[in-house]
Amino acid sequence: MEPQAEPLASAKKSIPVVKSEAVVVRFSGDSGDGMQLTGMQFSDAAAYFGNDLCTFPEYPAEIRAPIGTLAGVSGFQVQFGSSEISTPGDNYDVLVAMNAAALKGDIKRLKPGGIIVTNSAGFDKKNLKLAEYADGINPLEDGSLSDYRVINLDITKLTRETLKGSGLSTKEVERAKNMFVLGLIFWMFDRNLEYTINFLNEKFAKKPEIAAANVKTLQAGWNYGDTTELFTNRFAVEAAKLAPGTYRNITGNHAVAIGLIAAAEQAGLELFLGSYPITPASDILHELSKYKSNNVRTFQAEDEIAGICSAIGASYAGKLAVTTTSGPGVSLKAEAMGLALMLEIPLVIVNVQRGGPSTGLPTKTEQADLMQALYGRHGEAPLPVIAASSPADCFNAVYEASKLAIEHMTPVICLSDGYVANGSEPWKFPSVEDLPEIKQHFLQPEDLNGEKYEPYKRDEFLVRPWVKPGTPKLEHRIGGLEKKDVTGNVSYDAANHQHMVRTRQAKVDRIADVIPEQTVDNGRVGAKLCILGWGSTYGTIKTAMYQLLNEGYDVAHVHLRHLNPFPKNLGELLHSFDQVVIPEINNGQLMHLIRSKYMIPAIGYHKTMGLPFTTDEIKQKVYELIRK
Amino acid sequence: MEPQAEPLASAKKSIPVVKSEAVVVRFSGDSGDGMQLTGMQFSDAAAYFGNDLCTFPEYPAEIRAPIGTLAGVSGFQVQFGSSEISTPGDNYDVLVAMNAAALKGDIKRLKPGGIIVTNSAGFDKKNLKLAEYADGINPLEDGSLSDYRVINLDITKLTRETLKGSGLSTKEVERAKNMFVLGLIFWMFDRNLEYTINFLNEKFAKKPEIAAANVKTLQAGWNYGDTTELFTNRFAVEAAKLAPGTYRNITGNHAVAIGLIAAAEQAGLELFLGSYPITPASDILHELSKYKSNNVRTFQAEDEIAGICSAIGASYAGKLAVTTTSGPGVSLKAEAMGLALMLEIPLVIVNVQRGGPSTGLPTKTEQADLMQALYGRHGEAPLPVIAASSPADCFNAVYEASKLAIEHMTPVICLSDGYVANGSEPWKFPSVEDLPEIKQHFLQPEDLNGEKYEPYKRDEFLVRPWVKPGTPKLEHRIGGLEKKDVTGNVSYDAANHQHMVRTRQAKVDRIADVIPEQTVDNGRVGAKLCILGWGSTYGTIKTAMYQLLNEGYDVAHVHLRHLNPFPKNLGELLHSFDQVVIPEINNGQLMHLIRSKYMIPAIGYHKTMGLPFTTDEIKQKVYELIRK
Amino acid sequence: METTVLPLPQLTAKDFASDQDVKWCPGCGDYSILKQVQTVFPDLPVRKEDYVFISGIGCSSRFSYYMDTYGMHSIHGRAAAIASGVKASNPNLSVWLISGDGDSLAIGGNHFIHLMRRNFDINYLMFNNQIYGLTKGQYSPTSEHGKVTKSTPYGTVEAPFIPVELALGAKATFVARAMDRDVRHQQAMIRRAYEHKGTSFLEIYQNCPVFNDGAFEIFTEKDTKPESTIFIEHGQPLVFGANKDKGIALDGLKPIVVDLNTNGHTVNDLWIHDERDKTKANLLARMLDDSEFGAHFPRAFGVFYVEDRACYEDEMTAQLDAIRSKKGKTPLQQILSGDKTWEIK
Amino acid sequence: METTVLPLPQLTAKDFASDQDVKWCPGCGDYSILKQVQTVFPDLPVRKEDYVFISGIGCSSRFSYYMDTYGMHSIHGRAAAIASGVKASNPNLSVWLISGDGDSLAIGGNHFIHLMRRNFDINYLMFNNQIYGLTKGQYSPTSEHGKVTKSTPYGTVEAPFIPVELALGAKATFVARAMDRDVRHQQAMIRRAYEHKGTSFLEIYQNCPVFNDGAFEIFTEKDTKPESTIFIEHGQPLVFGANKDKGIALDGLKPIVVDLNTNGHTVNDLWIHDERDKTKANLLARMLDDSEFGAHFPRAFGVFYVEDRACYEDEMTAQLDAIRSKKGKTPLQQILSGDKTWEIK
């Protein structure tokens, strides 16, 4: 946020308003302080105002870690701006710290000269101790924050005063304090409160007194900023010059849910979800369970195995069948995936990756299930694999996964992760007419015109027909034992087995004929260095690229949506670069695939901290590898 | 079997005896004809006599496929000789065909001029029809066998006559007919009956009349050969010049069982097996369940997950814990493997691979679970992987797996397959003194001399101490959530997670410091072509090598026991060759690993027919790749 | 189901035999069950194309290949979960689940109990041969305590489940038992299973001549059957014995065997079977030859228990319909746009 | 267990508290259970180092981290299988299994029923909050029919298990129920669970104030508790109510609520609780406020059922010992050589 002093029209009092292209704000507090909601509201309002943005919620694995402790800190980070925004930002301009633990945990990544808004009530002896500050040490007093602009208010008290006589319980009053902060920050960025006031009135429609209290507190926060001399200036972040159109905000998990609904409807099918709750995938189940009016069947199974098996049954019965989970669940579904692959029926398997191995870090992000997606089953069991690169892109990814599953009669694995699943961004959602067609046909006796029905007779893409039980004259049996091609009968014949193993591989390989060739996202073919990414690293690499290109580096960004099969031209494209570096939130899984498939000595860049890369990390790696 | 006419001392009548270096006999008949037992007896007797040999039993997936059908054919092939034998042989010299289906199925691989012994009773109308011979066609009569020496006898009738008045039921008499064949074949190879007579008397100790009848039939078969003019000559296969010592016959599954018992005893531990039956691994459970007198605890769990989880509990409680299964079971155990890896406790996971994917070909062999062994779990979950190269080698493989698991506190995957598991060979078994030492120590409070006990404090190999519940003062908690190194407490710290992910990888990588460097099995370092193999392809490649080297080809054979980590010098060694070809019973899994790790454009040679390679297939591939 | 009201073509048992040859061992009890199912089906008001067989893995589970209907031979233990997905997706189908004692109660135990609880309208035939057949003879969760098998050369050390008792404990709404050798009764039970709306659990004692021969002999063989079995019928007294002169009465909560020829016992003193009484069903389930109640008791065959409870798929469909008719279908475009959008000019 | 005869150091509840801070939500019922276990343990004749806690995944399963004993926080649903391996390997250990309703009865259902059947001497505490807590509020297999949760915005369409009934159906040898709020009774139940030789299944009603607050209010709150609960004790009549003036009697096989103040009903007419009677235990299990028996019934707390049956690990050990003492240990060399060897000179 390089301030360019230039006064703007403002509210009551005229404090100079500084224009900024992009600002990063982090709301940080105890799990109980409602920072997630506050951050969401601020982001939605910013999006509504026309900024581009990217959010990054971070919360502890415990439902409610002990109040005031470092383990209990819940943070919500948002970067919003007047130009394209693809990451939540490495460092923030403004840090809201509701208690000592929040400050201690997050001060690290506040920009020098950045603004800190603290709630003094959260810095009493008890809180300082819980935040593990040495005895007698209070960061607000020991000058350790002298590099920053600290605005320390007793927000708790201010809120109490605001709501005095409101008749609300102390607990309810206590809860409202995040609205005071929100109001203050809105003022700081010269935003009006309309969006949030509407939100509050809707949310508490049934409890008008609560709604009123929250609105009142929100306004109090705004007015407080406006009337006090706290701030020497305010900030203006103009609307972004985004492509014209209608936008909405969306998280990755939400995008998965509606992407599946869209795919089902475009294919003329009903949707069936067989799932077992697991962080961070559960929200997909929650969201889909709301669409009963669109005949979406959600089945909360007794475990992950039943989740995928019920979906296999649903697919067999003619539904667009899906199972959603995270790593541990995928491990349990391995055997059933093999069955679906043998049956050659459509099935979408969504893996919202999290920190592993084992239970690992359930609420943190990671990209370490790629190899499992490709090889995590016994026998030669190839499946198409697709990855989502941003919250909104989850829609496209899962839509394409459904299309491939249906049109190629195969299970398809769609990889998301905690970062894109919980993060949100403005989305210029498509209009129904623009959605790609999905071809789907249940074989009917008439289609055979006299010929014998052969369950495993294949078309030019080696795809067998989909037959729904209940269709007269097409009764047949399928199963997990090796089967004779064409007839689908059980066969122990040696030559047939080899033929089938190779056919199942070829069937997946042929999908490369229908997916688009790989393009360069940014930079030039044949550049000195190619940054090859996949999945959720997209935004970070993209942001780094802009800067690197501006700095005059000869780099290019290639980002993979298709992990299996790879686009036909990928090898050729990659060979055009002098060097290829592959940043991944794992120990080098895509690197492994690229090296073995194309004999390219790709360089890995690995981070496994349960966090996305920062733009700076990517840039540093590039500096290390390339000279101007 | 190139006959070298040279009469030998023989029995009653003197028929010339032809000496042969190696002979392949295949016993083939209906599942009910007892060919497995016949073949086993013949092999054991040959081994006992001093031949080297290699066997290959093949039976249908059904318990009893319909009598007389092709699906019902059960075959047992053995190659025995006076020189080293490493494969059951590509083609056979003698085919015993008890019915039409057996002949039809197996005639393909009989050598030109080979001998066929048939039971005419198995070639009646009904049997010919079941064998799917065209109406009126009988191979014994239509001259189609003119290239072979056919000895067609009504063995059923001959047996009945032999046992007339024995008081046995027709069913029992019917069952004895395989002994007639066995006797005849024994005569053919100038063997005496002592070994089998002892066997029969032991086996039917409780039913002397059955024993007597079988012995009588066996002798009748021998005498029949000796008295009739059927054969123009007999064959002598002298004892092999094997390394001096005491030998026994052993199958791969049996070798796994006693290898585990040996490892446990050498480590001073008791053995615990948690397993769920599955073909072709069940025999390990069966065998181990016999050793109660050695405190071997076998737990037949409710499913594979409980199998491995009970083993995890046993390991935690201080046993050498093992779980045995095949592909589908490994798929189900994936999640629990991740837990064991996080807990860093010893655990041996034996996968007797079979034809996949899904239920696939349960009774056929395959090597297609290698990638799963390396990557079949969510998250970064590295585990050591070891493979057995022959039936007897299963002992060494599982012994080393146990040693690594205990000494490095990690789960270890040991790969076998249906071919080595059911095949057998003579084994110069070790004497207890020669078994490698296995270091094992349960940490005691005294060991700490005052220091605080830290569950995840590591030694130079990054190995943490093993503590048995019940040990005073060392109470501690472990689990599947990411943990702080050293203390083992739950930790969501970003840096710690990366440290632990890398530490778990490094821990496996360091095992490369204790395993032997890779040597060339045969041929020279730097040869034009290297045949790189792993697991059960050993014998076939070895045999092909001998012949290729004799033929003057500049080839070398490198065979991997360690698939993860690879021996330290492997890359260097492989780079010394002009070309590397990797024959595998899969679609190129080791090839994939070698290419990505060492950037060597290794060539794959893939067969997925549920059958091992033949020596000839390997040789042909080499001819194709290299000129003299 | 609307499909049941339209006239159906008259089919025969043959129409339900697939073209695959049956590959069970000679004398296997599975043959009888296949035969009875094929015999009963032509009389059921179901279109041939609406039958679906879902089986797991095991000798018994090969069943699906032999029926000329829709069928899936799936993976070990998971048939119940797959069948649930089929039924939830298309309630019109007549879904039949074929599974062995190991497939159902060992690896499949979890899906088994949850299916009973959820009460999908699925007909569950469990072939109980008290052994793992396909893997060549290891003990199963129904093998008797002490059983010597390939995996227990010195006998098992665990108590078996009583499948009927477990099903009841898991809230099954229909529980019955039959045997391979009594074909008439077996056919009746298959019919009853079909007629029940909800998950119908039918345990069928099935002899495995190869690995567990004679396990049920005393129940199936002419000479021992009358004294060691009792066929229960709703509303009828519990009478058994060659001369129907033995019965079972309740002494408080304990069953006792009474001899109708001695001290004036009459049929009126006997326990009258009531399919609707879960407590009695429980007693019958636990009433074994070596039962906790001491004395030798005959083994019960027939319908133990029936309960009317809504099926999962019906409640699910009702919920969909109710909400759809209330709200109407949400247009896809509206789902895509959500409720908060803004324009960028 | 020999460890029980040697003198033990006198420990206090504190000795069983680990150094990790407890991270349950304020007001979570789990705190009470942790407290009661730590309170009861010092009195049990077990060495501290012999206690082992095995838990699955869920809020409840974090329990293991808070006990200063040996413990494993394992994976979701598998604690029973892991605990079985521990106990089979070292019968001397006092193994405690901590699990939630989802961990035990959803993903862990199969291991649950098999543990009951095998009867390892393990103490199983199931925290039933009728919700998935850790994943933030989806329904569980014990959530009441129609329950609205994150994953069922319009209510569930499936009948819940009655954990006690399921355990009985799976052949549990000890089944009891307690609640977080009644600490004395809970302590007594924990003690009884410990004392029973065999798998002791103790269901503990546990309030989740965040996602399922008040699920058990009527049983735990002073004003409603007396009328809606009944505490069963072996040999005692089934009496309940604020003034102990209500009771439960058996009308044939059906329980009925009787008012001891009206038409001459006396305590002698009431059903006397018998822990050894599985039929009665079954009735008590099914006796819910909305039970099949119609009338409003109080919810039973206490020990439903106790049965003496050999434990898996004891039978296993006995088998090992018997065979070893008969045959003697086979020397390793003999195992390596087998029974058929030959010499090559």
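Just so it is clear, A, B, C and D label the chains in written order, and each chain counts residues from 1 on its own.
As a working rule, a contact is a pair of C-beta atoms (placed from the backbone, for glycine too) under 8 Å apart; a residue touches a chain by one contact, two chains touch by 3 or more.
Note that the structure is a prediction, hence the values are computed from the model and not measured.
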- [ ] Compute the centre of every chain as the mean of its C-alpha atoms, then state which one is farthest from the centre of chain D.
- [x] B
TODO: For the pairs B-C and A-C, output the one whose chains share more C-beta pairs in contact.
DONE: A-C
- [ ] Take the average of all CA coordinates in chain B, do the same for chain C, and state the distance between these two points in whole angstrom.
- [x] 40
- [ ] Find the geometric centre of each of chain A and chain B from their Cα atoms only, then give the gap between the two centres in Å, rounded to an integer.
- [x] 47
Open item on the list: Counting only Cα atoms for the centres, state how far chain B is from chain D in Å.
Closed with: 45
Task: Touching two or more other chains - residues of chain C - done: 57, 75, 107, 109-110, 114, 141, 154, 316, 319, 323
Task: Contacts with two or more other chains, residues of chain B listed in rising order - done: 71, 292, 302-303, 328, 335, 338-339, 358-359, 479-481
Task: Residues of chain C defined as touching chain A within the complex - done: 18, 20, 47-54, 57, 64-65, 67-75, 78, 81-90, 92-93, 110-111, 114, 316, 319-320, 323-324, 326-330, 332-333, 335-338, 340-345
- [ ] Would you pull the chain D residues touching chain A in the complex into a rising list?
- [x] 21-26, 57, 59, 75-77, 106-107, 109, 132-136, 138-139, 141, 150-154, 210
Open item on the list: Show me the residue ranges of chain C that touch chain D in the complex, using the header's touch definition.
Closed with: 107-110, 113-114, 117-119, 141, 154-155, 157-162, 165-171, 250, 253-254, 277-280, 282-283, 286, 292, 309-310, 312, 315-316, 319, 323
TODO: Could you please specify the touching residues of chain A with respect to chain B in the complex?
DONE: 60-61, 71, 326-328, 330-332, 334-335, 338-339, 341-342, 353, 355-364, 366, 368-369, 371-372, 374-381, 479-482, 492, 494-495, 497-498, 501-502, 504-505, 586-587, 592-593, 595-597, 599, 601, 607-611
Open item on the list: Give the list of chain B residues in touch with chain C in this complex.
Closed with: 62-67, 69, 71, 276-279, 282, 285-286, 289-290, 292, 298, 300, 302-304, 328, 358-359
